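Once you scroll down, you'll see the structures, which are given as structure tokens.
One chain, chain A, links the two complexes that follow: it is found with chain B in the first and with chain C in the second.
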Partner chain A sequence: QNSFTVCFSVGYSAVALNHVIDFKEKKQEIVKPTSPSELFPSLPIVQGTSKRIKVLTRLTLIVSDPSHCNLLRSTSANIRLYDIIAVFPKTEKLFHIACTTLDVDLVCINVTEKLPFYFRRPPVNMAIDRGIYFELLYTPAIKDSTMRRYTISNAISLMQICKGKNIVISSAAERPLELRGPYDVANLGLLFGLSEGEAKAAVSTNCRAAMLHGETRKSACGVVYTVKKPRKVEEEETAVPACKKAKTQA
Partner chain B sequence: RPAGRGMAAAAFERRVLRRAAEHHYLRVRLELPDGGARPSAAQFKQLVVTALRELHGEVGAALPVDVLTYEEKTLSAILRVISSGLVKLWSALTLLGFYQNRRCAFRVLQTSPFLLALSGNSRELVL
Partner chain C sequence: MVRFKNRYVLCEVVSEDPRCRQCIEDRALGLAVRDAIARVHGDYGLACCSISFTVKYLNAYTGTVLLRCRKDSYRLLCSALPFVRHLESRAQRYPCCLNTLHVGGTIRTCQKFLIQYNRTQLLRLLQNCTNEEERQCIQKSLLSCSLTEEQSQSGDEEEDDGTE
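Let's turn to the complex of A and B:
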């Protein structure tokens, strides 16, 4: 709860709550996300605008085996309730699968240990074409100095392959003190090798694009939304003749 | 057409500085939620240099940083750094997590190449 009050004071306009599912343990079921309205009765207003902060729900799947990906292919009812879906591949094969065929929004890049595989250009380019974003975390870098080295080295190797496109930097903060302001995080992007414009985009436009990518999963081809509407057919029919009347009169 | 050398001296003089500003100024605030002892000015400077050393090594720690003002009550300060070192200093402050084994966080409130610009903050305007 406290973390979110800090977010608001620091200047973020949308926050995503993360649920992590690790497939190594047996019998993991995807739970329904707690709706944000249950957690916060009233959301504060973003500083500088008059809109309220958006709170989204996000699911992170830690996959270390190709059979775990079957869950994503099956249309489980609970998965559709999450706004953003992220996958954390542990092997090179899974990274390839995640970039090319899986229906996810974000691919998390491990920052806490040395990457067991090297990035290759073909899957990364395919992911960029599909609109999938690569995610880097910065909170481990605050906690521990060895993690700092891994974060920076993994980020730099990613930058060399993807040339700075489609990067999202996010925090895995568990405490309010581990959160940093948006401009501070954009500055961290400069450390990772991004240019200034790319670094700012990693915090703002790329994140928004990932959110929209998640929204399009609920719609058909990103254009048509189906919403359950209460039956109002009779009213519509009476409305139509009135318009026709107006046309003939005018 | 050569201008006459004997023109009257202009009443004003215009100077255009094309060089980027030498120093960048940062207004920062240290957040120490636990009610322990607050650092003094010297300890604050030591903390900044330690942060630089942890992230950028000895070269980073040698970066010319000055603490221009420091208020112990609110733990806020104005730092001055040479412009080429702004990214290093800012990233070092962002990634600092601990002060004497206590969790802390640096919040950078404003940054500008001009000291005068730090006096007004549109985010703290009460409309």
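Let's turn to the complex of A and C:
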């Protein structure tokens, strides 16, 4: 819970809680996500604006076998309760399936060991077209030196294929001190081979787009976000007839 | 025109241990940052960044740090700052992390940013205030923020931030 208070003070406006499901064990049931209101009585306010922080729930599936993917197609009610669904493919075939046909929002890229497969261009391009984002974790890089090497080499090989598009950088922080502010995470993106604008987007706009993709998936069609704009047009229209009236009277 | 251009990086030290605040000092922080650069960028990175590297300003109450480096190597410095994990001083290790706030070309721009940032922090403290006297203190210091006398004011008022 401390990690959340640090998040809020550092300037994040939305946080996603992750539940990890590993399929190596038998008979894993998809657990209902704990609703955020159970964890905090009142959500603190984002620093700098007057809105409250959004807490989303997220499910990560570690798949090492094609039969595990059937779970996603089943109409289990619990899956619908999660806002964002991510998949962690372990083999090349699964990576291909995840990019092309699976109904997910994020594809996690392993950073803790050397990738057993190379990225190929066709599935990556299809994923970009479908609006799926690739996710990189940065907390192992902070903790350990060998993980740092794997993180950077995997990240750079991903960059070379996808040209820096559709990347999301996130932390798998378990303790509050492993969390870093958004400016710092964008600087880490520079280490991974992103350009400066892409790195900032990886922290801000791409994340928001992944969130909207999750909402689209829930509602089964497109999502349109409307923003309230001050209604200046109406005032002008009402002003004009008054002037006309004045002229006719004078 | 021949002039050495510097970049000033404004950071904030975030830690859970309240004793860590008291032993933030410029040498310990400089060593921790250099160590992180050496781990991430190696000997080349350390050599590049330490051409004109100093800790220019340090505020132990709020944990604000201002670092200076050359303009050519500020990216190396900024990308190594997330890897600072602990501060060592007087044979004690305190886990902490550095949060980058602002990068500027002159000390004056960093100071202006720091004033605005402190103002927002004081506003946040005002919301969490329980005591009426503290509330009045904070309101008084908010109203008297200015470029010259901000630093002494924020040093006094942020003490309750350090003890929270």
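The rule is short, and it goes like this: the second predicted complex is superposed on the first by the 222 of 250 C-alpha atoms of A that agree within 3 Å, B and C clash if a C-alpha of one lies under 4 Å from a C-alpha of the other, contacts with A are read in each partner's own complex, and residues count from 1 in each chain.
One rule holds in what follows: contacts are C-beta pairs under 8 Å (C-beta built on N, C-alpha and C of every residue); 3 or more make two chains touch, one makes a residue touch a chain.
Fair warning: this is a prediction, and the values are worked out from it, not measured in the lab.
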Should the pairing of chain B and chain C on chain A count as a clash or a fit in the superposition?
clash
In the superposed arrangement, which partner chain does A:M211 touch: chain B (first), chain C (second), both, or neither?
neither
Answer with first, second, both or neither: which of chain B and chain C does A:C162 touch in the superposed model?
neither
In the overlay, answer first, second, both or neither for which of chain B and chain C A:L177 touches.
both
Of the partners chain B and chain C, which touch A:M126 in the superposed model: first, second, both, neither?
neither
Using the superposition on chain A described above, determine whether A:L115 touches chain B (first), chain C (second), both, or neither.
neither
Go through the superposed model and pick first if A:L191 touches only chain B, second if only chain C, both, or neither.
both
Residue by residue on chain A, keep only those touching chain B in one complex and chain C in the other, then list them.
10, 47-48, 138, 141-142, 145, 148, 177-181, 183-185, 187-188, 190-191
List of chain A residues in touch with chain B within their complex:
10-11, 47-48, 138, 141-143, 145, 148, 175, 177-181, 183-185, 187-188, 190-191
Show which residues of chain A lie in contact with chain C when the two form their complex.
2, 6, 9-10, 45, 47-48, 138, 141-142, 145, 148, 176-181, 183-185, 187-188, 190-191
In the complex, the residues of chain C that touch chain A are 14-16, 39-40, 75, 78-79, 81-83, 85, 95-101, 120, 124, 127
Spell out the residues on chain B that touch chain A in their complex, using ranges where they run on.
31, 33, 54-55, 87, 90-91, 93-97, 103-105, 107-108, 111, 123
